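Input: structures, listed below.
One chain, subunit A, appears in both complexes that follow, with subunit B as partner in the first and subunit C in the second.
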Partner chain A sequence: MNRVLEDVIHRNASVVDRITVESTQGYVVSDNIANAVAESSFDNTSAQAIVKHIHGILVSTCQSAVRDIDPANSVCFLRLATRKFEYLVAPEEYFTVTVVQ
Partner chain B sequence: MNRVLEDVIHRNASVVDRITVESTQGYVVSDNIANAVAESSFDNTSAQAIVKHIHGILVSTCQSAVRDIDPANSVCFLRLATRKFEYLVAPEEYFTVTVVQ
Partner chain C sequence: MSAEVEELLKRFQALKNVIGIVVVDNDGIPIKTTLEYNLTLHYVALMQTLREKARQVVQDLDATNEFTFLRLRTLLHEVMLCPQDDYFIMVLQNPCD
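Entry: the complex of A and B
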């Protein structure tokens, strides 16, 4: 699986470079099975902090909250505006992408 | 405190009525200290489910995650898009507002 994800990331590298030029601080892509950083524009410590706190704890809490309110519903996308920046989180089946802007 | 919040809610009732006519499913305002429903357009069960899961668990998890990544940062606003609707959550000092659209 990890190989497929890496392949997809490398195929889309030029698109990522183009759309991250303007007003984004960076991005992190993580593997959902290993819960490890697959690709990031941040240094390793920041990327791992985002994966641990946002991809690990926050996304699963969101999914639990949404399912507890309505069992037939599921999370599509999460925007978390903070005083300094905004986290845009897209949880997918095999990977999770977070963009910081 | 609760009295002040109720007073504010009643003063803004006409504005709330005007802006919730279009494309919103409803809203919930909760008191942060008592963690109880202060005002809602939903029935009691739905409102309490939203207060419990979103205002109680999710908002505090968001705040923890954001502070763990950067201790000088704090949550301003949260948009949670799900397959069926979108939750817009505004956590304030004394109360939390969630709009479902």
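Entry: the complex of A and C
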């Protein structure tokens, strides 16, 4: 796993605690380069599924759609609401964070 | 389209941060739009793909779940996509920060 990513995760442990206490089901942090789960509060299978679907397919589709309209634009945040939960996705430069609530 | 729907759309369009509203039917034809035509077509094409992808993603993750709303926040705008049975609505607005 990326060194930079590990440091970031350790530094944000308190933030993670705060998020998990509120009405969230869990979170997943994925490494952008490897497209693999870096950190998650879910079990590995679910986390990997989330990473593969949301990070892999949806985020890249959104990003290309946005860039297609205006090349200077880029996705900051993605909020996918479903009947049961809501997925909050924040793609960054090196990693992507998804919170399920 | 009925007068009430027109009224609602006008109300939304009048909101401060809203740039445009597009209502698209299932065939990808914009029924109602407040954006300029070429831009509307561009958005519609992309939003259709996005809507399908989002629907697939949600179905794959949980077969009993359904995609109800998508909110895409970018540097310059915020796009809100609301799929319904026979059509879908897209609203483009300036994010209020």
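Operating definition for what follows: the second predicted complex is superposed on the first by the 100 of 101 C-alpha atoms of A that agree within 3 Å, B and C clash if a C-alpha of one lies under 4 Å from a C-alpha of the other, contacts with A are read in each partner's own complex, and residues count from 1 in each chain.
Just so it is clear, a contact is a pair of C-beta atoms (placed from the backbone, for glycine too) under 8 Å apart; a residue touches a chain by one contact, two chains touch by 3 or more.
Quick caveat, the model's predicted, so the values are computed rather than measured.
Applying the stated clash criterion after superposition on subunit A shows that subunit B and subunit C collide.
When the two structures are aligned on the shared chain, A:C76 is found in touch with subunit B and with subunit C.
Residue contacts after overlaying the shared chain place A:N35 against neither subunit B nor subunit C.
In the superposition on chain A, no contact is made by A:N12 with either subunit B or subunit C. In the superposition on chain A, contact of A:I50 is made with both subunit B and subunit C.
49-50, 53-54, 57-58, 61-62, 65-66, 68-70, 72-85 are the residues of subunit A that lie in the contact sets of both subunit B and subunit C, per the superposition on chain A.
The touching residues of subunit C, when paired with subunit A in their complex, are 39, 42-43, 46-47, 49-50, 53-54, 56-58, 60-62, 64-77.
Only residues 49-50, 53-54, 57-58, 61-62, 65-66, 68-70, 72-85 of subunit A touch subunit C when the two sit together in their complex. Against subunit A, the residues of subunit B that register as touching in their complex are 46, 49-50, 53-54, 57-58, 61-62, 64-66, 68-70, 72-85, 87.
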